[in-house]
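Presented sequentially are two complexes of chain A, the first with chain B as partner and the second with chain C.
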Partner chain A sequence: MATENTKTLARAMMAPSVIMLLVWMIVPLAMTLWFSFQNYNLLTPGNNSFAGFFNYQYFYTDPAFFQSIWNTLLLVVGVLLITVIGGIGLALLLDQPIYGQGVARILVISPFFVMPPVAALIWKNMIMHPGYGVFADIARFFGVQPVDWFAQAPLFSIIVIVAWQWLPFATLILLTALQSLDGEQKEAAEMDGAGFISRFWYLTLPHLARAITVVVLIQTIFLLGIYAEILVTTNGGPGFASTNLPFLIYKTARLSFDAGGAAAGGVIAVVLANIVAFFLMRAVGKNLDR
Partner chain B sequence: MSQITLRNVSKRFGDIVIIPGLDLVIEDGEFVVFVGPSGCGKSTLLRLIAGLEDVSGGTISIDGKDCTNTPPAQRGLAMVFQSYALYPHMSVRQNIGFPLKMAGQDKATIDRKVAGAAATLNLTDYLDRRPRELSGGQRQRVAIGRAIVREPKGFLFDEPLSNLDAALRVNMRLEISELHQQLKTTMIYVTHDQVEAMTMADKIVVLNRGRVEQVGSPLELYRRPANLFVAGFIGSPKMNFLTGAAAGSHGAATIGVRPEHLRISKESGALRGVAGVAEHLGSDTFVHVKLDDGSIITARGTGEYPVEHGDTVWLTPEEGRTYRFDQQGAVIG
Partner chain C sequence: MARAVSTKTKIGWTVVVWAVALVIFFPILYTIITSFKTEQEAIQGFSLIPSGTVENYVTVQTQRDYFKPFMNSVIISVGSTLLGVIIAVPAAWAMAFSPTRRTKDILMWMLSTKMMPAAAVLVPIYLIFLRAGLLDSRIGVTIMLMLVNLPIIVWMLYTYFREIPGEILEASRMDGASLWNELVYVLTPMAIPGIASTLLLNIILAWNEAFWTIQLTTTNAAPLTAFIATFSSPQGLFWAKLSAASTLAIAPILIMGWFSQKQLVRGLTFGAVK
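The block that comes next holds the complex of A and B.
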């Protein structure tokens, strides 16, 4: 009886925050759905009418539509690959006892504190700029024609910038996981004749599985919505080469002033995110159950 | 088949000297127990033999071959860790088979050897479980299984029973001793528990602050402790020590008598005192007696010895069972 009461009380106490969160999610989603079925252009306010599926058809037939979805996925997968592999590498390095370990760790984490537009601008003007960027200096030092990164490899450049921002996050989570690996297990593996590679493969990597899952899931949430880095660097171009779904929605809403079309794009983005989440949970979700 | 010889082995961590320099020979097939209080360097010594720590000086040789700088895997020794150190994401089968897999043996051989080890250790029904699904004793057996499949030259045990409850500990103690009888392999066993040392060892090495205090068979150490430390460490309950006038009359700085070598009487005896707490174990009775000079000593009486708190009792040491120690703690005579 007492437990029953406690449970009821607990539910009642939790209710306000649960309701709050639900409203927070439902209201914008409902409004987006509502607008996606309206003819609603910001240039002609008050001239709204029911549009049926026209907005969806319009967004779907946008020449950039499929490319933007493809770019969204490439961006997510590219950044995940770089941050997870690089993060494991950095975590393994930072786990070694070295002089100035604390300082080194803080330095590695620091990119995470730089806000995305600032980071993107630094990369655009100081590192990747074909005239006075660091990469151009290096290229000229070797007597090679400097690469105009944002013109020749726009999506790759954005992947690099975003990966730079998220590498600290991955490193931090993976380093923490690495430090929780039992020392005696490592020694046992050493006694069992496992070399460095075998120890990494059979002991460290399985131990990191859960941390890698956390990194992948959390980063995917944020990477599906990458926008600021594109806005301040390539502006989605050249052509649609670096336009992802959020950026296409932005263009529809703020450059064409088509709120209805953008809302339809938003609904499509929600669907895409759910599809990605579904496959992700099937692929790596079991690692969280342990 | 292996004889392990340590020559002038020392270990320092920075300025802290753990082992100042130690010589020891472990004969082939012997069950040797390193025993001592915590922080005496016994685990460090084991890790030096395993190769998990590098020596700061001296040499370690196995079968006459210098192994001082050989990596742990190539020394041919297997180790059982205090925390068992099982690989949590592998099944019992994979755990036991791991060293063979690392040695590059083919799958059929691995399966056969794992099945053999599992049969020896009663683990056959648990081969497909994960370590976390096993009890403490079963985990312990898996750790031993992982050691025996390698058919090592010697086994190293680092306080393997300290995480088990008392009843299981007694069982596993027997199982490990039985295993030693079967395999006849050299085993080195580290413990802080002198009961484990006494019951299992062919040879006990008593360590204190990185130095060997005494080496010998359990009964040798019991009968002829070389100094105060060994006398106090071996035997349970601990030997009683008396200083002052009582010791002076024997021409020593300290004298020691084991509780089991004191005769309790209610009428007469050599030492008079008042009984304090009496622990009735059924098989024995341990009486804590406060002597007239204020010192408290423990005496063992027969199983159902009738003694109450506050009774006046007389204690008489058995003939020839009194140990005499000089000012430095070394035994006299």
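The block that comes next holds the complex of A and C.
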């Protein structure tokens, strides 16, 4: 009887969170799905009509669509590569015995706490600006023509900015994992004459596998939704060179007022996220169960 | 690691690590320096020594009313986090202390709601906010950010609560403590550190959230993320002013972040890495 009471109480305690998240997940998704089959322009509300698959067809035949999917993937993969490889390197560095370790660590993790619009505007105006940026100053110092980063390599520039923001996160997690590595094991390997590379390859890297998986999973969730960094730097351009899927949906909904088209894009984004999540969850599940 | 390291090696590593750390921190450092330059100085080429003017900070307040978006950021980030914690504490509590076979599935499902791309539901959320008159209102954004962060809040609290030993509860019950006494004298003191860590990390996340805050606000409820984004279309010389506004926007959260390194790892990895 007592356990029955506890169970009821537990359910009641969970109800608010579960119901809220359920509503938050189902209602907007259902609406997105419904709108995606409607001709719905935000400027002429009340003129909705059934559109069949027109919105999907329209999205699908738009050259911007494939480019935006490609850009979304490039952005995720590019940032993941930089942050995971750079993060391992930085974690190994910060694990060395040095003077002022605490402060050095604080400096390295700081970019993570900078809000996206600020991070992007700092890089755009103070670092990468072709006239006044620090990169241009350096280029002129060496007598080289400064590069107009956001015009010549827009997506790459955004990858750099986002990687700068997420490098601290990867570093911090990998460092935490690294510090849990058994010191005795390391010493034993050292005494057996294992060099730095073989120690790293056969001892450190396998130990970090779980942390790397976690970094990849969590960063992917956030990186699929990159928006503000694009808005304040390139605005998706030139052309669609730096438009990813969230930005294309934003443009369709808010700048073209095409709610139906944006909803169709939203459905595609959900499908894409699910495909990525499926593979990630499988990989992570394998790794986390150990 | 009790390895003896020669002073020479230590100095060598110190130089390397500090050099790398300073390169990574440089954009932030340079922003702080530039905020104390005049607009003329800011575009005169590379220099690490500002004239030390505070004019930019004054201008940001007098011309752009900086205090308003700052207060909006405080209200929205603290409000959404408090609201989320109030809703999540009972849930996390129930899952940690009377777990059932489905607890793990529910937790995974909650995490999966985080994977829904925000842009995918932009149209319905925007229309709901429009109809309900919630666009550009602090209440609307606060509710939105609460929902966005709720899964993380539940997960974080759950991982903390799970570490409170259940035997202590039983012991106090055997000693005849009432439910109220148990809650106030036994559980609360043990739960407070976990709740505080959750508050800290989620305030940081809400402060920096830059999709919904930009989409759902214009002027009245615009927090710093939306305010700073308006600097993307420059008018005249604005480098130093942008730097001052940026420094003010990131300073409080940067300091909070320094204190929350450990919680960050734990909270954002859902307890998978400690």
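Some points to look at:
Note that the second predicted complex is superposed on the first by the 269 of 290 C-alpha atoms of A that agree within 3 Å, B and C clash if a C-alpha of one lies under 4 Å from a C-alpha of the other, contacts with A are read in each partner's own complex, and residues count from 1 in each chain.
The definition used in the following text is that a residue touches a chain if its C-beta (ideal position, glycine included) is under 8 Å from a C-beta of that chain, and two chains touch if they have at least 3 such contacts.
What you are looking at is a predicted structure, and each value in this text was computed from that prediction instead of being measured.
Under the clash rule set out above, the superposition-derived model of chain A with chain B and chain C shows the two partners fitting side by side. Looking at the shared chain after the overlay, A:Tyr132 reaches chain C, while chain B stays out of its contact range. Shared-chain residue A:Ser198: touches chain B; no touch with chain C.
Once chain A of one complex is fitted onto chain A of the other, the partner contacts of A:Pro206 are limited to chain B, with no touch recorded for chain C.
Of the two partner chains, neither chain B nor chain C is touched by A:Val144. Contact with chain C, but none with chain B, is seen for A:Pro117 once the two complexes are overlaid on the shared chain. For chain A, the partner that touches more of its residues is C, with chain B and chain C as the two candidates.
Shared-chain residue A:Thr32: touches chain C; no touch with chain B.
Once the two structures are overlaid on chain A, chain A sits at the apex of an angle of 80° toward chain B and chain C, using CA centres and rounding to a multiple of 10. Contacts of A:Tyr250 after superposition: chain C is touched, whereas chain B is not reached.
Judged by the touch definition given at the top, the superposed model places A:Glu187 against both chain B and chain C. Remark: least CA distance from chain B to chain C after fitting both complexes onto chain A is 6 Å. Under the contact criterion defined above, the residues of chain A that touch both chain B in one complex and chain C in the other are 187. Across the complex, chain A is touched by residues 50, 52, 71-74, 77-79, 81-83, 85-90, 98-99, 102-103, 146, 150 of chain B.
Those residues of chain A that touch chain B in the complex are listed here as 182, 184-185, 187-194, 198, 202-203, 206-207, 209.
Residues of chain A touching chain C in their complex: 6-7, 9-14, 16-18, 20-21, 24-25, 27-29, 31-32, 35, 90, 93-94, 96-101, 104-119, 121-127, 131-132, 134, 137-138, 164, 167-169, 172-173, 176-177, 180, 183, 186-187, 210-211, 214, 218, 221, 224-225, 227-228, 231-233, 235, 245-247, 249-250, 253-254, 259, 262-263, 265-267, 269-270, 272-274, 277, 288.
Those residues of chain C lying in contact with chain A across their complex are 1-3, 5, 9-11, 13-14, 16-18, 20-22, 24-25, 27-28, 30-31, 34, 42-43, 45-46, 87-88, 90-91, 93-95, 97-98, 100, 106, 110, 112-128, 147, 150-151, 154, 204, 207-208, 210-211, 214-215, 224-225, 228-229, 231-232, 234, 239, 242-243, 246, 249-250, 253-254, 256-258, 261, 264-265, 268-269, 272-274.
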